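Note that chain A is present in both complexes that follow, paired respectively with chain B and with chain C.
Coming up: the complex of A and B.
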């Protein structure tokens, strides 16, 4: 047992507990600023991790295991841990901005975010179906609460109940699937599973078990046909929750999917690639087409996040290292892009109370910075150079086409992706149109707080810099997927 | 740093700088835009003049600069020119300057307009200067998106929203199809590089398997074809140009649209010669669709912008015909047509924008007698229309006649029909437009209509006209540069019809061109 390996998680949990305890003594008026403390703590953990000062992150062994090989710390895990830490940091700052709309218990909100984040960090390192299930439950259960946090709003409660029912259902599938897999092979550990004899791989019960596991993960990343919850939950949940759901929860689903597919059952993955390609196509098509008529910004982003799950699955279906690296790169860009959009949504919609795209009218005259942030975010989501979204889509399409010679169905999937990108231009430009074309709806200028300005500025910098200099992120993504058993 | 980096960098830098200029300083914004594009145009002229003396690298490219960008994928920022794109860069820079000068009609949200215009300029010049497939595509996309926004925000007419919608969907789809083709090319070549010279060299040694070519070439042909408004994928063009603000229409119809043709010439022909041959007869019939169909549609138009839009689609047919003939003369002619039409389209849309500004309509039933009030603009319009009919003395004649020479040996029936389309149909709609706009009774509703009095207002039109005339009288300025590099491309294409220079025994390619040029000179002597 090597506790040093889970230093990220320990620190994050301690921070969460600390925030929860601080809530007991702090006067109510100052509880809001606890968010800065939490964000600062996450920032320090991130910094220490990036500098390689955390115990366990440096060592001779690039893939260190702990807890009976249940937990793994490799480049892939580190990539995602840092990804989640950045997401948590930005979401916490967004929550501070949003705090006055949370009726009570803002400190709990902060600590719940930290707990969910530690679940994501564990997920990044899961090397075992037990840790996979536990970390997913830690994420999902905290999100039930986070979704329903605005108790006075019916939409929030409705979203929470929907998420609870769908989430419980998918957890049931997941645990049933794990039980079947374990029952057939006697193994929880991914490496042990990869080593089981070939006859198991053709056993229908084993395959059903795996299918159920993928149902559970498909729910997390909102892939068709497990996407129904996404628009309602995105729309109803408090904005920081939605942002965290869109980035953190989805990325956790992706990393677990990669781990299961490519370390536990690589043989099955190769066989099921066409199915993944079909699911990816349907997801892209559904998300993009349904986003077209939306009038609510958060709901639109919900459908758009379904579409992006499809693009990610396209990379997964390519079964190649460059495809998975493209998935990681895409997520890295998606992080800044989506958080910028939600940050602007939180700052603007707080003023008007409405979440319609119409309420963005004339945003340019009210706050040029927020308008620029949202515009760049939309342009990047649409995949237009020189922003990061373009390079991400380029990498994904390139990886899919590279694999298509072996699996011709990917040609069709790329075709669907192209149609999806074209369709998506319509609704992303619809948002930009509202910002610039239309005249002002309320008239008075909007002055975002320093926090909001800094956060939007940081996200903007991420979108632009990663777009113009993608080399660094791309190389670290390639390095991260080197641990997966792929060709 | 290569001069090309400055040519495309100044507009982009100026766009960035404008973002920090307060929006009240309208004059400053206009001045920055004109200065930046003007600087680019001057540098492009310098590039054009220095070109013959500049040292060429092993692949024939000059002024090359290469900076690695993502090394593991083989992407690098690489710019350079050879005879094929040097003229296009010059044309693009001049048109961009003219478009910036013509933008005085924009009265609201100038800041955004000029930023977008400068981004578009930088993108266009970057696309033509890039020798790396990734940047080639990315720069084009960078230029394309401002087009949509400009049409949507500053466009005119009731059908503006529909036009924006249509042009966005159509062109994005075309661009993405071409992107898929380019990525496949990168993957199938196995060279792990996006650099065009490296790819060309690699493919010369290891030709792409015909099966791969069969898949990629249609993607490139139709992807690029949509971008160039190849019939029957042209319907976005007239409507889009009709709704676009003047400067956007000038830049898009004049320059950006040529990207697809340039891509075919630079990428598709030399790298996939076998597939190219099998598609060229199809292309020759499709281009007839451009020339005849869109010509007839143009005859029926009553709106000047729709007429010019359709005629610009029709003119693209000549460039396609030159490419389809797959010989040295045809290809040289196609590039001449691209450059000539760039100036012409910009001039026509600039003039129609001026008319719209003065009269508030482009309906030819309402316009009339304007030559009396607008001697300069009217005269320029007459010249533009005559250039559009292919009158000798204008660059268009040089290009079109070279295309016909090239195509004659290969597609005789198509060439005859195309000549007919160029000479008769073109003359019908162009001259009718001249008659109904400039002659006849003057509409009394417009007492305020005034000619371009200010030299600044005249400058863009004068510049474009001068370019048309210079390259019309001295097409050798271009063809001498184009021919050696076009020959390099044609060498790779083993045409089933035989090359033009082979078809005329006793003449080599250059001699035939000289003959064409001689004939040209004779014709220009007779022109008034």
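Coming up: the complex of A and C.
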């Protein structure tokens, strides 16, 4: 066993426990600033990881295993670990901004975010159904608490209960599926499964089990038909939770999906690609169409996140290296875009308490920076050049079209994706219209705090720079998916 | 190659300046101007440094970075660094720099001072992009950016309807040319499979993959493609029949006229022709030569009867651009580029001189309401005289040398174009001295003219600087550099100063003497007609012709009656189609249905947990059936 390989997770857990302990001794007035400590700690972990100072982060052994091959630290895992660390960092800063709306226990909120993040980091490295299930549960159970954290608001509690019950249901499917797969093959480990995957192609019980595993993962990324929870939970949960749910939890689902599909059961993946394409199309359609009549910003982003899950699945269904690399690129851009939107939402809506798009009226005159941040975020989500969202969609569609010769159903899926993009322009630009053209605002000028300004500025920089210079992220995404067994 | 980072810096500094001004220093006039000016001046110094380190012929004439590589798609962003582009960079940043500085004085009182400098910097960035592009696509992008920034600058005083109209006219006329340009670019992409200039050149040289072996088809196809590319130059360099936008573009501030409509933007077309000289077939070149020659003559004739000081200069610009295009058409892109450089010096000088006059007379532009300015504004007068002599082509001013090298090649290739060129030279001298006699000499005609004052130093020093270069620009070795670039082996150009000064007489005595004779004829005619007169004697002498000339041969009216009428009719039909069928039935219909579906789907989302779980399990059942139930 090689403990050094899990240094990311160990450091993150230590940080979480440290924050929890510091909470015992700090005076109540100072607890809010613990968030800066947590964010700083995450920043340091990210930095040492990027500098290659952590064990296993510079390629001595590209596929280093730990815990009896349960845990793997390859390029794909590293890509996602860094992704989750950036997301956690920004979400923690957002939480500090949001802290005055959390009645009590803000330090617990910080440490729960850190624990959920460590779950995501484990998920990035899962090489075995057991670790997959445990890390997924670590994420989900933490999110039950995070969703209901604003105890005084009934919406928050309602969202938490709905998430708990739907989540428990999906976990039941997941664990039942794992049991069936284990029962048929006797293997938990992904490499072991890959060895027996082709012979079991005709075995209905094996396929039945696998399908249940995908139900559990589909729930995490909010794909149709397992998306019902998303709008309600997104709307009800405290804004930082929603942001983390939209970025972190979804990405964890995606990395696990990629692992299972392309390392554990590649033969089944090839067989089921048309099903994934159909699910992708339905998800894109459902998300985009339902978002049209929405008036609540967080609910709108909830539907939009369903639609984006559909775009991601389109890349997965292409079954090619470049398709999966496009999925990773898309997530990288989505991180900055969505977090910018939620950061602005947290900063603006805190003032009014309402979350209607109407309350963004005249935001341009109240705070040009926040208005620009939200505008760029919406434009990028809609996929307009030269922002990063455009490149993500471009790469996904390009990969799907390149693979479509082998699987004609992808042509239809790409058609749906394009229709979805057109529909999405309507609601994204509805937000922009509220910001600029509705000037009948009664709101006074808004001066966001330095933290909010820096965070929005950093997200803006990410949206613009990754859009203008996409090569760097694209190359590392390509390198990350090289470990998957794909052509 | 040394200092390879410098060209990138030079290119992007003006963009940074523009962005910084618009984002942060809009309220601070001084800082905006300083940023914009230092960006372009640093560009000039940087170019000089780069040339100092690498010479005009760097070992490695291209630097490029891969911007994106996805699958088979490989998009590179590259810079071309050779004698042609480095020389042009010096012109753009040097002459542009002088104009930037001058603008500080001229625009002093304008309300939107910062916006002006931001647009100016954006323009400089776009122009440098055109100059440095190493492939057609990149050039086209910057080409369009030049169009956009010129739109912003011509329409700078957008509150005035005439300025807004002129900006629109310039932009739309350019778009017509650019449409052809884009078609030409696409044709070359289809044929050669690459847009890189070097790759296209290689493809042309090898002559493989033309798609046909029949030489007639190949030749006519290439001629067509070349002429399509030339359409772009026709728009930007305002060649007949797309010349109509340039005189109207004088609605912009005068320094803008100097920068865009004299020194740089209109030069982009000629530069592009010189850069892509290798793609034109002999047939295409003769079309180019005749379009240029005709434009030169037409514009010179119109200029004779204009009364607005800036319009005279505008038509003169048209005429000189025709000269340059003609030079490219007679196989002498080096002569065309040479004239472009000297013309940039003296035409910028003339425009800035005119601006100085206009500034002193509180925005009076009619030359018949000036007069006697020689005594009131000595610096402006003397520098303007230098510009006039250089434009007329008086030895040893710079214009003489460049015009002579065009005439000499024209004489060699096409006697008809040679005669035409000589006639244009005579007309040029005539209308320029008409301007000088009426505006600067003779009695003051209005009280404003008698109370005029010399402009401040920030405006006169750029005039002095440009006057110096207008004088010596012909003997700086520019011609030798250019001929050497196009013909590295066969060029023998003198290096010594004295040898250069007398080179035209030794090399092509006929062209030189005919050129000087035309100048003398033009001057004598102007002296005879316009020395000390109170009003224009020409209308009485030539009658209807004068009216036609004053009305620019009714081209605007002709276009109004044909092109615009036709377009308006088509627009009405399309508008109806769009309003009722596209917007009404298709868009609103689809949007309505989509919205309805959205509303209906929303009903599924009841908020009830029981429904959700039921639907979840139903979903699982459907997926199970779809996958396993076959």
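One rule holds in what follows: the second predicted complex is superposed on the first by the 482 of 487 C-alpha atoms of A that agree within 3 Å, B and C clash if a C-alpha of one lies under 4 Å from a C-alpha of the other, contacts with A are read in each partner's own complex, and residues count from 1 in each chain.
Keep this in mind: contacts are C-beta pairs under 8 Å (C-beta built on N, C-alpha and C of every residue); 3 or more make two chains touch, one makes a residue touch a chain.
Fair warning: this is a prediction, and the values are worked out from it, not measured in the lab.
A.B. asks: In the superposed model built on chain A, check whether chain B and chain C fit or clash.
C.D. replies: clash
A.B. asks: Which holds for A:474: it touches chain B only (first), chain C only (second), both, or neither?
C.D. replies: In the superposition, A:474 contacts both chain B and chain C.
A.B. asks: Touching A:398 in the superposition: chain B (first), chain C (second), both, neither?
C.D. replies: A:398 sits against chain B and chain C alike.
A.B. asks: Which of the two partners, first being chain B and second being chain C, lies in contact with A:161: first, second, both, or neither?
C.D. replies: A:161 contacts chain C only, not chain B.
A.B. asks: Considering only the touch criterion stated at the top, classify A:215 as touching first (chain B), second (chain C), both, or neither.
C.D. replies: It touches chain C, and chain B stays clear.
A.B. asks: Looking at A:199, would you say it contacts chain B, chain C, both, or neither? Reply first, second, both or neither.
C.D. replies: neither
A.B. asks: Which chain, chain B or chain C, is in touch with more residues of chain A?
C.D. replies: C
A.B. asks: Classify the contacts of A:426 with the two partner chains as first (chain B alone), second (chain C alone), both, or neither.
C.D. replies: both
A.B. asks: Just one of 59-67, 149-157 or 401-409 in chain B runs into chain C once the structures are overlaid; which is it?
C.D. replies: Clashing stretch: 59-67.
A.B. asks: On chain A, which stretch or stretches are contacted by chain B in one complex as well as by chain C in the other?
C.D. replies: Comparing the two interfaces on chain A, one with chain B and one with chain C, the shared residues are 398, 402, 426, 470-471, 474.
A.B. asks: Provide the residue numbers of chain A that touch chain B in the complex, in ascending order.
C.D. replies: Listed in rising order, the residues of chain A that touch chain B are 379, 384-386, 390, 394, 397-398, 401-402, 405, 414, 418-419, 421-422, 425-426, 429, 432-433, 436-437, 470-471, 474-475, 478.
A.B. asks: Which positions of chain A touch chain C when the two form their complex?
C.D. replies: Spelled out, the residues of chain A in touch with chain C are 161-162, 165-166, 169-170, 173, 204, 207-208, 211-212, 215, 224-226, 228-229, 231-232, 272, 275, 278-279, 286, 289-293, 322, 395, 398, 402, 423, 426, 469-471, 474.
A.B. asks: Where on chain C is chain A touching in the complex?
C.D. replies: 66-71, 73, 591, 594-595, 597-599, 601-602, 605, 607, 609, 611-613, 615-620, 622-624, 626-628
A.B. asks: Where on chain B is chain A touching in the complex?
C.D. replies: 69-73, 109, 112, 134, 138-139, 141-142, 145, 148-149, 152-153, 165, 168-169, 172-173, 176-177, 179-180, 183-184, 186-187
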